[in-house]
Amino acid sequence: MDDSITLQALGSSRQTYAYDDPDPSVLETFPTPQPSGGLVIRLFALEFTSLCPVTGQPDYGQLDIVYVPGPRCVESKSLKLYLMRFRNHGAFHEACVAQVAQDLASVLAPRYLRVIGRFNARGGIAIWPLREVVADHEDPAALRALVDLDNGARP
Amino acid sequence: MDDSITLQALGSSRQTYAYDDPDPSVLETFPTPQPSGGLVIRLFALEFTSLCPVTGQPDYGQLDIVYVPGPRCVESKSLKLYLMRFRNHGAFHEACVAQVAQDLASVLAPRYLRVIGRFNARGGIAIWPLREVVADHEDPAALRALVDLDNGARP
Amino acid sequence: MDDSITLQALGSSRQTYAYDDPDPSVLETFPTPQPSGGLVIRLFALEFTSLCPVTGQPDYGQLDIVYVPGPRCVESKSLKLYLMRFRNHGAFHEACVAQVAQDLASVLAPRYLRVIGRFNARGGIAIWPLREVVADHEDPAALRALVDLDNGARP
Amino acid sequence: MDDSITLQALGSSRQTYAYDDPDPSVLETFPTPQPSGGLVIRLFALEFTSLCPVTGQPDYGQLDIVYVPGPRCVESKSLKLYLMRFRNHGAFHEACVAQVAQDLASVLAPRYLRVIGRFNARGGIAIWPLREVVADHEDPAALRALVDLDNGARP
Amino acid sequence: MDDSITLQALGSSRQTYAYDDPDPSVLETFPTPQPSGGLVIRLFALEFTSLCPVTGQPDYGQLDIVYVPGPRCVESKSLKLYLMRFRNHGAFHEACVAQVAQDLASVLAPRYLRVIGRFNARGGIAIWPLREVVADHEDPAALRALVDLDNGARP
Amino acid sequence: MDDSITLQALGSSRQTYAYDDPDPSVLETFPTPQPSGGLVIRLFALEFTSLCPVTGQPDYGQLDIVYVPGPRCVESKSLKLYLMRFRNHGAFHEACVAQVAQDLASVLAPRYLRVIGRFNARGGIAIWPLREVVADHEDPAALRALVDLDNGARP
Amino acid sequence: MDDSITLQALGSSRQTYAYDDPDPSVLETFPTPQPSGGLVIRLFALEFTSLCPVTGQPDYGQLDIVYVPGPRCVESKSLKLYLMRFRNHGAFHEACVAQVAQDLASVLAPRYLRVIGRFNARGGIAIWPLREVVADHEDPAALRALVDLDNGARP
Amino acid sequence: MDDSITLQALGSSRQTYAYDDPDPSVLETFPTPQPSGGLVIRLFALEFTSLCPVTGQPDYGQLDIVYVPGPRCVESKSLKLYLMRFRNHGAFHEACVAQVAQDLASVLAPRYLRVIGRFNARGGIAIWPLREVVADHEDPAALRALVDLDNGARP
Amino acid sequence: MDDSITLQALGSSRQTYAYDDPDPSVLETFPTPQPSGGLVIRLFALEFTSLCPVTGQPDYGQLDIVYVPGPRCVESKSLKLYLMRFRNHGAFHEACVAQVAQDLASVLAPRYLRVIGRFNARGGIAIWPLREVVADHEDPAALRALVDLDNGARP
Amino acid sequence: MDDSITLQALGSSRQTYAYDDPDPSVLETFPTPQPSGGLVIRLFALEFTSLCPVTGQPDYGQLDIVYVPGPRCVESKSLKLYLMRFRNHGAFHEACVAQVAQDLASVLAPRYLRVIGRFNARGGIAIWPLREVVADHEDPAALRALVDLDNGARP
């Protein structure tokens, strides 16, 4: 890359991502590593953004996604592309978290899934919705205990 | 906006909010997103202020509001307007927290509600009242476990 | 206030507080707000100081006081005046915490009371005594769970 | 203080402060301690609040006030009462800072005065206006050097 | 606002902002408060985002804008709307900072302007471009000294 | 060491570590100190790095390893040498954590083992896999309770 | 300091502490304050140091000692002198923690004792051994719950 | 030390310090180490407390004392005893700082002395007075440059 | 990406980067944006690693690179690839910093360049080398002043 | 390493370092890398400890050493061994800093050297001595400016 003029031309022909269509079909998966017992996967999406459906103004926050996998795990690059599709999508914080939880649950069939959205304050009010999805026939208490093994104590 | 003189005129005719009448009827709600299972909503009001009922001097603090919704959820802009009504209202910290908890409980009929006020120190003493409201026929332990899924560990 | 000379005179006739007589009779109370269920009150005394009973040198620390009220609550200004009475009082950290716990328990008859002293290090050693008082006929586990609803996660 | 019912009554008759009339005549002063050479006074008002003149919604911030005194210094309690008078006053951040600077300058006739307002973000934008007032015949560079002797390095 | 179904409909008809056309004509100004001497205005845009012109992927950062005003100041709401127009705009960090600096300089004719972009790391590399614009006939050293009066020391 | 020229020669003949062959046979152990009851060992590997198996680019993170020992404990210097062998090894975060857990489990036969990887964000997404291994015939709840005795509260 | 000659003379005759003989007989105790129920004592030794038994190089860390007293409590000055005796003593981190736990247990006969060592990283690896000692006939779960009443939430 | 009853008796006969008589004659000094060029000594008194001369209530803060020595330096233990004498002394923050500066200047005859008091907020206002004393015939700029060599950058 | 088995195969054929040949020819550049006056570019390489030339063990640190461009600027992706080439390269901290400074200077011909390496401690000693390169005929003081316009004060 | 019994034997025959004889002859050097212009080297010794010459009790602190090299630079491992020799050495903080500065100056003949000791508080008083050594015929202002290029601003 050697000439910013050229780069701007490149820019105009850059890859066109979908920014307003959160679509679970972009989520890719891989088989859960064996043995699957005692495995928890946590993903922090530190740069989540969407639009307020009423005012059209941007919202920013972080998603904290943790799950006990069923047969498949989500590939993180595809998760990033999926989350980028909320960029120009208008939805309340609660709805974003709900959709992410539902889409991951449908694609991964996890034994347990928790999604927390920690959004930046607007008007001095910060909203943190949380969605927990426990698969049928699973024991919520046991899976919560597994997921919460990381209690945050560290140097 | 182009002229600060004009802006000051605008200012004198600015919208007149009620600042001394915490009134739950200003709280607006929306139907709880479905499915409602596994849903927790937390709201931090980072810029709460009221007046000391004895000295008339301002107090400052943060409200940490978390609930497991019943049929309806509180709309955050209306919550902000409701909380602004404590601005010139004289009440002790414990009473502010109690009133916010009671008003939200009456408007939302939540399965579970917890309100913590974390007020700035006065004379070297900081007061943090906490109010928990559990709906009749609900299991407090189960709802507390749900509400406390966020244990604070993160990057 | 207009003349520092005058102010120094004022200073010499300033109100004389007791600084070496921790006396629970200075603690004032007010009736516990109703309903009392689900109510927890936490008070941080951020500027506690006393004297070492052996060396006479000052100690500094913070008191973390949390209780589930019985019929009455402690008024925070009077708590401040009560704690100021340790200023020139010689007592070990453990004794200060014990006395504060005992005095509050006797004055408030709380269902549950916990006092933690977090004292600054001396010679590289920091001492944090903790006193828990549970009223007769109360269930400690239930009250501890109530008191610990605030797990510290926040923005 | 022993009965919250009584206290609420007290509250209704509490001292009535002016909250919407920033008036420099409430500022009290005392003679600058001698010798005045090499003296700098810095005051942080950590809980400043005012109203947006357009929307009527509250703003919050901190004022950082530092000055090299002339003949008189401001008494901090009166400064607090003066700043409380912005509570319900509608003015932009820049205007609040300008007024505080101008009022302090007129009352104190300081050799040097600097007022910085660090306001909480609104819509993701934080505004920090700064006003510097240097008395006639003073050397700004010398006074700035004096004021900036505190470079923030500490344990 | 009372029905999230309705709200989604509202959302589809929400105000349509331009998100890919950074256009200085949306910047509104107001006359610089008098006296203009000793006045510095700093604005932090904490939620800036744009797109990488090569990969089309989002970038995030904070803009630190400080200026010594000439005849007019920028109104912060219009600044927010202007910066929102980088949201879907493809440009390198250096170019974003350069454009913001140039647009503000052309609209405000400031005596001095500095724009720093502090962008989140990509591939472990964080880029912070800085642009300084000094008006003709102004003394850079004097204006830098004025702008740098806030050295960051505070409680 | 006295001449950087010489040192560079030394450098060319420096000890050749394996950097791409995570091999549990390099893990050394020592007998678990007696009594082994009530003993928990936690090791933080603060400078873990490996390569992305798809892009070949480096990843960085911290490993949080905690175990309740069986008959033997891992010697920390050998753990360091073992972890250094991931330096040029291509593996996903989940696989690195899984391999470390499996290798430690096979070498130590611990009663309980937990390995958490906290990797730096890539593309705004941070991945934290967790692996828990509980020996046959052990009670997971009891061992988790033992391991989690350190709840992070401290000065 | 140059009358430091005199002081160095003082120094050469300074009290000679044992620095390489961790000996529990230097631990002094006092009777546990009554009532002993609900009492927890935590001591942080923030400046612990010992020597690596293999390389002879110094190690540094912090000890977090918490206990539910039996008949007697440890006096903190004597604890400091006891811990100073590890200064030139060669022992692994696990052995230091084990010895401190054993010595305190033998001298205090506590109902419950927990010692955590949080040592600074060496070669990028930090080791945190933990020792828990529960007296015969005591209920570990009840005592752990008592000891863990301080969950770290505070201003 | 073996019996807290006895200790309380000891306490009543403990060394009697003066707590209300800031007296520079308790300050001890030692000859400045040679060569004295390029030497700066900084002392942080982290636990300073005094009384408000009007209300008699305690104030807390930290003193930051830095000097370029003349012929003698202050011994830190005696400084501690000197500062303890403000404990029950009624004086405004500015006066405390002024007195400390004056007393140190008179006892040490330093080439340069700077005392900053950083006091905890009262009513939301924190006061930080600063006193600089430059010996006659010294160059303030050169000594300030020497004193400010520590700019606070560190790991 | 759909099968971790496949991915491991991919991994074995992954792109082969050079990890032990810091070669400035991989650095790509682009023309400096115009006008070039008042432009400073700072790049933080947060995940730098190399090998100790004596022991062969890894070192970790952060590079802080800031320059005033001449005709060309460095493209950040190519900088990342260049710095990755130190991964298996044995060199002292001072030599790494020197080489990065020299290579950037030769490729960019900057008016001013500063490279600071902030390396993690080894054996309790952290090394931070700094290299400054000022082009011939440039004024170091003026360029340093430009580069240091960012003094770190921010929310 | 496989048996802690064996290791203790090893321990008894471990290398015997001198811990009470700060001796500059253990400092090793290497030729300053060329070109030497624009080179600054900073070393933080994070785990410095010595003994109080009066009480014999340990002191802890950090040394911040920065220099502009003359012909030779100090090798960091030898610096560590040199500083370890203060471990059992009785000397005041000022004397430790003075000796380190003098020994490094005599061994390195640096153009400029600055040593700051930041010692942990004793009795609430922290002492930070600073020693600056400027070679004859050097310009202190120019070298200070070079050394202070790192102003601490970073992510």
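Should a chain be cited, it is by its letter among A, B, C, D, E, F, G, H, I and J, assigned in written order, with residues numbered from 1 in that chain.
By definition in this document, contacts are C-beta pairs under 8 Å (C-beta built on N, C-alpha and C of every residue); 3 or more make two chains touch, one makes a residue touch a chain.
For reference, the UniProt names are A, B, C, D, E, F, G, H, I, J = NADPH-dependent 7-cyano-7-deazaguanine reductase.
Just so it is clear, the model here is predicted, and its values are computed rather than measured.
Look at all chain centres (mean of CA atoms) and spot the one farthest from the centre of chain F.
D
Please compute the angle of the rotation superposing chain C on chain F (C-alpha atoms), rounded to a multiple of 5 degrees.
So the copies are related by a turn of 145 degrees.
Report, in whole Å, the distance between the mean C-alpha point of chain D and the mean C-alpha point of chain H.
27
How many angstrom between the C-alpha centroids of chain E and chain B?
Their C-alpha centroids are separated by 32 Å.
Distance between chain A and chain H based on Cα centroids, please, to the nearest Å.
54
Roughly how many whole angstrom separate the Cα centroids of chain A and chain G?
45
Please output the residue numbers of chain A that touch at least 2 other chains, ranges allowed.
As it turns out, chain A has residues touching two or more other chains at 1, 4, 7, 33, 44, 46-47, 57-58, 60, 77, 95, 120-124, 126, 150-152, 155.
Please name which positions on chain B make contact with chain D in the complex.
Touch residues, chain B against chain D: 1, 4, 7-8, 10-12, 14-17, 19, 47, 49, 51-58, 60, 84, 87-88, 90-92, 95, 120.
Once bound in the complex, which stretches of chain E touch chain F?
Spelled out, the residues of chain E in touch with chain F are 57-58, 60, 120, 122-124.
Given the complex with chain C, which residues does chain B contribute to the contact?
For this pair, the touching residues of chain B are 44, 46, 62, 64, 94-95, 98, 114, 116, 121-134, 141, 144, 148, 150-152.
Which residues of chain C touch chain B once you look at their complex with the stated criterion?
Contact set of chain C toward chain B: 33, 38-47, 73, 76-77, 79-80, 145-146, 149-155.
Which part of chain H faces chain I closely enough to touch in the complex?
Touch list, chain H to chain I: 155.
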